[in-house]
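Below: one structure, written as structure tokens.
Every chain is named by a letter (A, B, C and D) in the order it is written, and numbering of its residues begins at 1.
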Amino acid sequence: MTPSLLYAFAGAGLCGIGMFGFIQLRHLLRKLLAFNLIGSGTFLVLVGLAQHGQGPDAVPQALVLTGIVVSIAATALAIVLIRRYFHLSGHTSLEADDSDSGQGGAE
Amino acid sequence: MKRILAVTLPLLASMALVLLLGASLWSIAGSQTPVNLPELLAGKMNESGVNHPVTAVLLNFRSYDTLLEIAVLVIAGITGISMARTASLEDPELRTSDSLLYALQRWFIPLMLLLAGYLLWAGADRPGGAFQAGAVLAGCGVLMRLGGIPLGFLRPGLLLRVGLGLGFAVFLLVAVLSAMAGEAFLAYPPGMTKPLIITIETVLTFSIAMVLLALFVSAPVNDAGAPGEDDS
Amino acid sequence: MITAWLMAGLLFTPLAWAVLCLLLDFSRGRLVSCLGITVQVLVSLGLWVAVAREGGFLYGLGGWEAPLGIELRVDGLAVTFILLTAIVAGACGLHASVYLAPDNAWYRYFWPLFWFLWAGLNGVWLGGDLFNLYVGLELLSLSAVGLVALGGGINALRASLRYLLAALLGSMAYLLGVALMYGQFGTLSIAGIASLLPETQALVGPGMAMALMLSGLALKTALFPLHGWLPPAHGIAKSPVSALLSALVVKASFYIAARLWLEFGHELGSTAVAQLIGGLGGAAVIWGSWLACRQSQLKQVVAYSSVAQIGYLFLLFPLTFAVSDTASLQAQQGMTLQVVSHALAKAAMFLAAGNLILATGSHQVAGLAGVSHFLPFSLFSFGLAGVSLMGMPPSGGFAAKWMLLQASLASGQWWWIVVLVAGSLLSAAYVFRIYQASFVAKTGVDDFYHPPGSLEVIPLLLALMSLGLALVAEPLLSVMALSLETGGAP
Amino acid sequence: MLEWFLDLLLVTALLTTAIATLSSRDLFRAVVVFIAFGLLMAVAWVRLQAPDIALAETAIGAGLTGVLLLDAVSHFRRGGTVAASGRSDAAGGREQ
């Protein structure tokens, strides 16, 4: 057991917490927070596990940097979509009451 | 009953996930990795053109990842500004007449600009680089915008789109030129590695900052009209 | 040497055109894109011919080899899918250039997203590195979400948000699997891991990694019961976009799952897992087709049909696990034919559906009344594509299902035959339902809008290709089978 | 020994803030706790000898995401300009 591995386990925990929130929560912004928690957990697992045996490893660190940028891009995009969705519909969750008419309908 | 089930099922599922993950982490930690990538990396560092291993991986060994990652950022930016209906950037709603913010602005913005420059410069040898510098630069812009300083270049227009694409375009150009000169896509010609990496990092810093700022600005705050509602 | 230029062109063109189109408005972007489509189709064709002649090769990006750098795996299957992408995406692009209204300010962003999508697809077909595939998948998903959201209406936004959340969760699960794989093996190269697997003792970690990656990819491929996000997104997007999504984007994540299964499945799979995935695929075939029969909106019918047709692909998993080599080969060939024929047929179907909606001004199946009399041409391409989906000879769908049937027989898994037959019957039902609606006589004069000829020709050509696929299946399959080992030239 | 203690403390804090982020009833608070989580993550990256990620996490993860999220929350609080009138449940983010 090394500190790195401890963080990897913490990452696993974060993934679980995030996963629960992602499924359970309705509010889109909260879902997004949960997704970010899963992301952080995954990154911790990636680096923590790789550095467990052999000390600092630049490759997973670079991967995590890439991953962070990708996930901020996704998060920011999601926020823009959520805001516009709220702006037009007044809903903050997908399971809105008009879902029966929401199937298709537009071209 | 249904409510309870709706809570317990995800709870059980995520607990199972954690347990399984923990077990596999424990199992993996017990064995040595058959490939020692850090050692390989250390052996090739002198060919990479920079002294900082993370930068070497990001912009040389795995530069294709970085190229695609910037593409992802640009996509997010494009979709962001496609949603944007900001009629005017000098919207009163956005201007915060907070004295604290004003003070923050006066002191922070020069400092942050300095920090961004340092991070960019440090990237080749020490922790730092385009992403961090770009993020700090974007933070600067956010502060300026919150303070009501009109950032004209963020108006959805050609200038903004040039800004979004510039870093990516330069990166891509370097990639394809090196493919023409050398043997493979993104294989920098020998001797040119360091200047090329520095160039890419500099333009990327600006582009990253632009994208992030565009996404912040493009949040549809003050538009009432739904554009072309569901027709084609 | 020529392959090096072709590879550079293949990687460069879509990305460069994306940036270029970002600077232009829709109409100019249309001109530039037509040029780009031509270039890309030629380059893809050139690469396909090169690989067909000389065999596949590995392409180290940046001049670095596998464990340290990223290697692209340019083999027969990959170049076939690249060519397929060039044909289908090119057709969708051309259709979109006429279909989308140039005066709508939103559509200036169509072309950049379209090109980024194409770049992502090529990246996924070629990817040989687990993490690079993750970035490629994200590129694909985000541009697809952007394209769905481009309409901007409430329903489009809801569909794209649902799509985005599903895609993000799927990629995160995949990335978590990648993290475990890296922790176990210290490398990200798929080929490298495959060569290390037989010597590995403790398989708990890689097994869990595999499970995570497969479930993430299944979510992104909309495998039953994780398909909830697909019909709204594919149904509400503009027709050329729906065609792209259904024909190509969902195949990308499936392709990765199939590659992982074929490379790692021997060590990490088990009969139970293989049968479970196959069972979900079978359920998708039945359930998707059943729901397709019950939709009242035209594009929803086509979207649910995608859920069903994707299900067939997952029969690959049980039909390649612990079976004879011939059965496994037949299943793989059936799978590739199914991907190709479904891509062509579904693109044709969505584009034709778009034309029909344009013509009738209605999204409802019932709104098609009178179409057969006044617009037989639009209906014809739709019907031809339907023939391939049903799996009637000599279509590509028939060849694919025939291969899968033979593989099921050869491996003694007769229960998949039931799925194949039931799926074909149900798909016949939903295709004929459309026909029936369009043959309802409508009194009065022809008040339909007649789409321009270029819109009509594109789906027709795609449908004909899908229909004639079985005739050229033999040479196609021989190229698809070219792996890196059979070739030799780098 | 002290380092182990610090690591354990940090891990506990990470998990606690994560749970607090998701269980907080008020959306604004949730975002604030999430920003705190991002800062703790940055410390964790320092402990993992990954200063690059620590910098990125502070600037991007905690900083920019935080600003974006806060901005969005305030937007929800104000209510949408078009359609939110009469839908008070959507504004505070309290429906679950």
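In this section, a residue touches a chain if its C-beta (ideal position, glycine included) is under 8 Å from a C-beta of that chain, and two chains touch if they have at least 3 such contacts.
A quick map from chain label to UniProt name: A = Multisubunit sodium/proton antiporter MrpC subunit; B = MnhB subunit of Na+/H+ antiporter-like protein; C = Multisubunit sodium/proton antiporter MrpD subunit; D = Putative MnhB-related membrane protein.
All of these numbers come straight from a predicted model, not from anything done at the bench.
Colleague: Sort out for me whether A-D or B-D is joined by the greater number of C-beta contact pairs.
Modeller: A-D
Colleague: When the centre of a chain is set as the mean of its C-alpha atoms, what distance in Å lies between subunit B and subunit D?
Modeller: Subunit B and subunit D have C-alpha centres separated by 19 Å.
Colleague: Using the average of all C-alpha atoms in each chain as its centre, how far is it in Å between subunit A and subunit D?
Modeller: 12
Colleague: Would you kindly tell me how far, in whole Å, the mean C-alpha position of subunit D lies from that of subunit C?
Modeller: 37
Colleague: What's the distance between the Cα centroids of subunit A and subunit C, rounded to whole Å?
Modeller: Here subunit A and subunit C have centroids separated by 26 Å.
Colleague: I need the residues of subunit C touching at least two other chains; which ones are they?
Modeller: If we look for residues of subunit C contacting two or more partner chains, we find 131, 135, 138, 142, 145-146, 149, 151-153, 155-156, 176, 180, 183, 186, 238.
Colleague: When you check subunit A against every other chain, which residues touch at least two of them?
Modeller: In subunit A, the residues touching two or more other chains are 8-9, 13, 15, 17, 20, 45, 49-50, 52, 55-56, 61, 63, 65-66, 68-70, 72-74, 76-77, 79, 81-84, 87-89, 105-107.
Colleague: Residues of subunit D touching 2+ other chains?
Modeller: Residue numbers touching two or more other chains: 52, 56, 60, 64, 68, 72, 75, 81-82.
Colleague: So, with touch as defined above, which chain pairs make the list?
Modeller: Pairs satisfying the touch definition: A-B, A-C, A-D, B-C, B-D.
Colleague: Can you list the subunit C residues touching subunit B in their complex?
Modeller: Going by the criterion above, the answer is residues 4-5, 7-8, 11-12, 15-16, 18-19, 22-23, 59-64, 67-70, 99-101, 104-106, 109, 112-113, 116, 119-120, 123, 131-132, 135-136, 138-139, 142-143, 145-146, 149-153, 155-156, 176, 180, 183-187, 192, 196, 199-202, 204-205, 207-209, 238, 358.
Colleague: Which subunit D residues qualify as touching subunit A in the complex?
Modeller: Touching subunit A from subunit D are residues 3-4, 7-8, 11, 14-15, 18-19, 21-22, 27, 30-31, 34, 37, 41, 44-45, 47-50, 52-53, 56-57, 60-61, 64-65, 68-69, 72-73, 75-76, 79-85, 87, 90, 93, 95-96.
Colleague: What residues on subunit D touch subunit B, complex-wise?
Modeller: It comes out as residues 51-52, 54-56, 59-60, 63-64, 67-68, 71-72, 75, 81-82.
Colleague: Write out the stretch or stretches of subunit A touching subunit B in their complex.
Modeller: 5, 8-9, 12-13, 15-17, 19-20, 23-24, 45, 49-50, 52-59, 61-63, 65-66, 68-70, 72-74, 76-77, 79-81, 83-84, 87-88, 105-107
Colleague: In their complex, what parts of subunit B are in touch with subunit D?
Modeller: For subunit B paired with subunit D, touching residues are 54, 119, 127-129, 131-132, 135-136, 138-139, 142, 212, 215-216, 219, 221-224, 226.
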